[in-house]
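So, here's a batch of structures to check.
Each of the next two complexes has chain A plus one more chain, namely chain B in the first and chain C in the second.
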Partner chain A sequence: MAETNGSSSPPTGTTGSGTPEPPHAKRMITFWLIISLVVDVLYYTLAGPHMPPGDMTSAASGAQFDLNILMICALPVILGVWTYLGYALYNFREGRPGTLLTGPMAHGNFRLQVGWMVGTTVLVLGLFVFGTAELIIPAGAGGGEGPDPIWTPTSHTVLPIQVIGQQWKWTYRYPTYGGFETTSLVIPDNTTIAFHVTSLDVIHDFWAYQLGIKADANPQQDNVAFTTTHQLGQFTVRCDELCGLWHGAMYGFGHVVTKAAFAAWATRTEAQLAANTKLLPPFQWTYVPDANGADGGYYPDNVDPYSKVEIYGAQKAKV
Partner chain B sequence: MRMARSTRIALVAVVLGIATGLIVFVGMAYVRTSPPTVDFATGHRAGQAVNVHMQTVGTYGKGTHPTWVSYLIQDPKTGRWVHTTLLDVPADTRVNFTIYQFDSGSPLRNQQVGLVQGTIGGKMSVNGKSLRLLNSYSNAGVAHTFSIPTLGVNVPLLGVSSPNLCGVAPCSTARWPHNVVRFSFVTPKAVGQYAWQCFVPCGAGWLYGNGGPMQTIGYMDGLLKVVQA
Partner chain C sequence: MAIDTTAPEAPLGAAPPPAAPAPHRPVWLQQNVLTAIVLAVAGFALGHWAGNRIAGGYPNVAGASGENEVAICLSLGLGVLGWLLGIGALNYPIAKMFGREAIQEPYNPSWTRFFKFSTDHKVVGVQYFFGVITFFFTAGLLAMAIRTELLYPTNHLIGPGTYIEIVGEHGTMMMMMASSAVVGPLGNYLVPLMIGARRTAFPRIEATSFWLFTAGYLVILTALPFGGFPTGWTGYAPLQTQASGGMDSYLVGFAVIGLGMILAGFNLIATIIHYRAPGMTWARVPVFVWSILATSALLALATPTLVTAGLFGILDRTAQTAFYVNERGGSSFLWENLFWFFGHPEVYIMALPGFGIVAEILPVFTRKPVFAYRVATAGMFGVALLSFFVWQHHLFQSGINPDMRPLYMLTTELISIPTGFIYLVTLGTLWRARIRFEVPMLFALGMLFNFLIGGVTGVFLSDVPVDVTVHGSFFVMAHFHYTIMGGLIFALFAGIYYWTPKVTGRQFDQRLGKIHFWCMFVFFNCTFFPLFILGLLGMPRRVFTYAANLQFLNDFSSVSAYLLGTSFLIFVANFIWTIVIEPRPAPANPWGSLGLEWQTPTPVPYYNFERIPVVMNDPYHYAEADADPVADISLPPPAVAMNRPPAAQAIEP
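So, the complex of A and B:
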């Protein structure tokens, strides 16, 4: 039973003065709907395009879209809580005589209970389905898919780049440009890239933030992540797996350049590094380090590294 | 004579306080233990090059880890070899490195670090011979590298081909077989700490060679501290 300030046992649903109780639920819901709509629209139009990780690639713009959808769903929830709290604080506050100290009892309200359960169930299951689908689209959403990806891109000219982690730096091999290995990560615009991520020692994690790419680098594993570039510019690369003393220094930058600039860079670098490339082991997707320590060599796993679509830049047929 | 209760409480509190302080002091002293920093910046004049002398040894030969491989740096003021990998150098200054390499070599796990990179002219001098690349599968292999990944500097150090290697640091160039590696680069204008390391997994006895000295400042990892002179 509701209590009043300054009077005893008023009937539920009325104020102490006997005036009929206003339609609190309708007021709250109306206010909540309006403010949710306004805030969602403002968020989507003003903040949404600037949310991380940006839209440099298909994976990045996919992640940004997912984040925006989650925010659009989450904002009405938090606004609903705040609306209820604010409304209750204002209308049911202890103030003048005759005002309700507690609102009308809500238990036993069938419509409210069903509405709450249906609403939360739809929201949670909807986000589950949405999140699962978005993990797949596009082509694994930038995450490492292991050595045999289920979700592959549709492009038939994918540029393969092998990302090699070691304590404590990243190097990159370009198999369709003779297999040279460099510390520079340069990729062409408007191109689908297959990052083949591996490690020569411990577990690292290749995180190209603005590309929306994040894949664990495990020794003797080929972890593949796809994306398609959309914008020119610089992106950061860091290790996201605590990997030892200088883990924090395992940090650098990569660049998305035009296709012409990329072709020129790749051809020039291939020529510059030719002498050292001859000394590298034959290109393979994984390498087995010598477990005895300093005594050298990393060894191929003898699995054919060349696919039918990862041929971008191939001057020689390697299919 | 019997002490008053308040006196006894005060005495116990004082003893506990002293004991706690000692434990914290010893703990912090242990945690904050760091090799010394060799100073190449104080007194540096603008436009003047800095000369850094280092040596790499197969086993340090004494102390807590006598079997660990290690770098040492020569103090420019005293001429003494200091067991450390921390050095202060002035910003925007040419630094000439001379590394006396006393350790044996092997083929590289990743020949990519056989390339000389980030030095002036993209080259180094090994026993007076100018090189841009070290083939780790020939000669005596590569013993260690001096690498600062964030500055793009990488210099492979040729291994010593001799059964008679120096086992206790500092090693004398007059007595033990060694290679002399020289190279230069210009320090960045921005002050800061730049991690440097060896990229040869030379922690013998550790899984994949990456433990022990490979993970310890003062042995095969260090900081190039770029400061305003």
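So, the complex of A and C:
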């Protein structure tokens, strides 16, 4: 934006003592171009590769690239305003010889105004096109895409994992492994994953930081987010939407392991948890909230704690 | 009816106020803040009793911890009604309803007028100033508590329960305060003076808006004894439906404050449109007034959504409706949509007045006209209009209408174009100027510096892939503190330092003012800049635990926050010392402004202008020796003198 600051020829004026006005605009633009270039290059080479959320998955590296491009556009804008402010405040301060401008330039400058508007519009539209491409091509960029995503990954082998938020913990169900439910999140490397995020009570938000995944967990909604893993390692999971008292404690870790290790873990866990899985409600994409949950106790415990509807966490009615 | 049909061109009779035929009230029956308290308490008790009578036997309306929501909501509602009755806000409509003439109190020049229902816009402005400051300091203390808890990653000085209460209370109070921070004190006080009017269009509505504002303050404070609310200022359902009694204070409080905001907005819109003095054409209206007009439009058009959404929430909690209850056919998305449909215009309610103050003050301290005046007004109205089309950017990861995200990304980024206009205007005004670094100017420049960072990070947030990383994190926190605290509050202080000599006839100590500015500026940036980094490093908002490696940045921010808090004590000390205890008389026009408001006598007489002025020029023709005067009132001497360029600095022919 700031490049338009001086795009019009500076008004020619004279100082009180008759010396010609120095070429303010030219000086500023030169300084600004140099410093922007230096800072952008330094940023991209030194900071860029380390910017969050890293490159553990496709969504993460996409977000990192996007963040870097935005920084490269934003830094010159900020530097431009700072340059101008610094220059103007120093050179045009009271007590330093200078003219007061009462000509047409003082009330406005048509070319400068149009230039500024065109400049900011071009920048903004460019960012919009870039952001949209970065959202659609990588299948939603790791953000929650609602129950039926229209931007989906090209891979044919997608591993679905259900993420269930409840006050105040995360659990995970693996529908392709018999729908067992566990509190540990283990995912295979080099695999496209579809996180199906839902909630049993209030709104939570599943944030797998290093995976570049973030999706709200809404009660009775299935919110899908995709990513493809690229690296082995541990990642952080936090709840990112205020969900009540222990929101800050919905904090944990997950692991990206090799495909073989994942298959071994999943089959083993499926077998270990088989007895528990039978007690769980059958796997569904969403569940009716717990009787004592979001509803704020509208169905008091003594009336009918587990309604006839299939409720997550309910024991099967004993006949 | 409050509508005054007198055209502005036909001024009312000269001061003092017209002899009203209405009867007077004996002193011992006069209403003031004490009667308001008495009736508010009575209303509260009555509501409590009635609520328990009506719904006491129903376990369904008992909140999580067993109290009766109907009783709480009724006691808050009737308490507010009692407050309004007690202060006398409803005397006029009630008297008229019974076909009687309303009792009118005589004009009261003593200090007690500040504790009464006053229809003088200058009294309301001063009342609002103290109201806003009280609100701000209360919520500021809560912020200190938040930062204290965050000193350690896992040790809890406060504990999660209290922490969540404090976070919600802080955020909600600050948002309530910031919505009226400039419009209330400066808008009400200055707009009539700046447009050459004797009063605002609906003085009783104006005064009522202030008393609703104070009622909102009291109601939101009651959340603490009721156990607080766990939702933060955004109040998301179903957590809202689940929460205990404090949630009622949040919903009623926002509804009450919201009503005040709507009334304040309507009054100022009508005033600006209809009460401009002859000659005050739209092209001569000061930029500050333009910004108040744009803000008032947002207040009047966006706030009804908040009030309605709050009423739905109250009904869900008391009358067992299911607006936000998913299992019974409602939708938690409904609250998110309604809240942010209000919420985004609200953030510009908290930005536009700041733009207005800065653009208004800059010409005075640069001795130059506002650069590209029309662009400034276009920018403010462009922002106001676009702000209704962007709300989904708060819900990018929510799963609501995910296919629409590109559209909302576009509209959000488009908003930065009119926002950029403001920078063109302010930076252009500095070009080859004669800049005086007085205290108000420093705050205005500080606002430009901070808001730049706030605005640019807004563009990061509007980019969906980047928002996946930063949504709901400390990055968002830093973003809006840079725009609201760094933008609006800095501008507010610019305005306070700038207009206090007009309002009080007294002048702050300028050295202390400068120290205040530098402390506030440095510590503000030290407090909030690290939060951007914390957010990028993965720290979510509103948590009491964080990763151990983030402790240094958190502690740095906390210590800076304490110092930032302390810097306000400098302001308070300055205020008490130089304005109250040992008043320093201010010159009639200390900054050499051409603004119409400076051409009234100080203190401003009850009727502002002895004769409605005829406006002949806009107030920005600094350093133009041959410019027409602003109005047909003689300028106080310093302005005239400063309006002429010093001989040494000749102007080109």
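Quick notes on this one:
The criterion applied here is as follows: the second predicted complex is superposed on the first by the 249 of 319 C-alpha atoms of A that agree within 3 Å, B and C clash if a C-alpha of one lies under 4 Å from a C-alpha of the other, contacts with A are read in each partner's own complex, and residues count from 1 in each chain.
Going forward, a residue touches a chain if its C-beta (ideal position, glycine included) is under 8 Å from a C-beta of that chain, and two chains touch if they have at least 3 such contacts.
These numbers were taken from a predicted model, which means no experiment stands behind them.
In the superposition on chain A, contact of A:E145 is made with chain C only, not with chain B. In the overlay built on the shared chain, the residue A:L273 is in contact with chain B alone; chain C does not reach it. Look at A:E181: by the touch rule set out above, it reaches chain B but stays clear of chain C. With both structures placed on the common chain, the touch criterion links A:D201 to chain B and to chain C. Looking at the shared chain after the overlay, A:L67 reaches chain C, while chain B stays out of its contact range.
Considering which of chain B and chain C touches more of chain A, the answer is C.
In the superposed model, A:A249 makes contact with both chain B and chain C. In the superposed model, A:K169 makes contact with chain B only, not with chain C. Using the contact criterion defined above for the overlaid structures, shared-chain residue A:D216 touches chain C, although it does not reach chain B. Put simply, chain A uses residues 201-202, 244-246, 249, 251, 289, 293-298 to touch chain B in one complex and chain C in the other. Those residues of chain C whose C-beta lies close enough to touch chain A in the complex are 59-60, 62-64, 160-161, 163-164, 230-232, 234, 236, 238-239, 241-243, 317, 320, 325-327, 332-333, 366-369, 371-375, 396-403, 405-406, 409-410, 413-414, 416-417, 420-421, 423-424, 427-428, 430-437, 445, 448-449, 452-453, 456, 459-460, 462-469, 471-473, 536-538, 540-547, 622-624, 645, 648-652. Chain A meets chain B in the complex at residues 164, 166-169, 171, 181-183, 200-202, 244-246, 249-252, 273, 275-276, 279-281, 289-298.
Interface residues of chain B, counted against chain A in their complex, comprise 106-112, 114-115, 117, 133, 135-137, 141, 147, 149-150, 152, 195, 197, 199-210, 214-217, 221.
The part of chain A that touches chain C in the complex is made up of residues 1, 5, 11, 13-14, 16, 21, 24, 51-53, 59, 62-63, 66-67, 70, 74, 77-78, 81, 84-85, 88-89, 92-94, 97-103, 105-109, 112-113, 116-117, 120-121, 124, 127-128, 131-132, 134-136, 138, 140-147, 149-150, 201-203, 205, 207, 209, 212-216, 218-221, 223, 236, 238-249, 251, 288-289, 293-298, 300.
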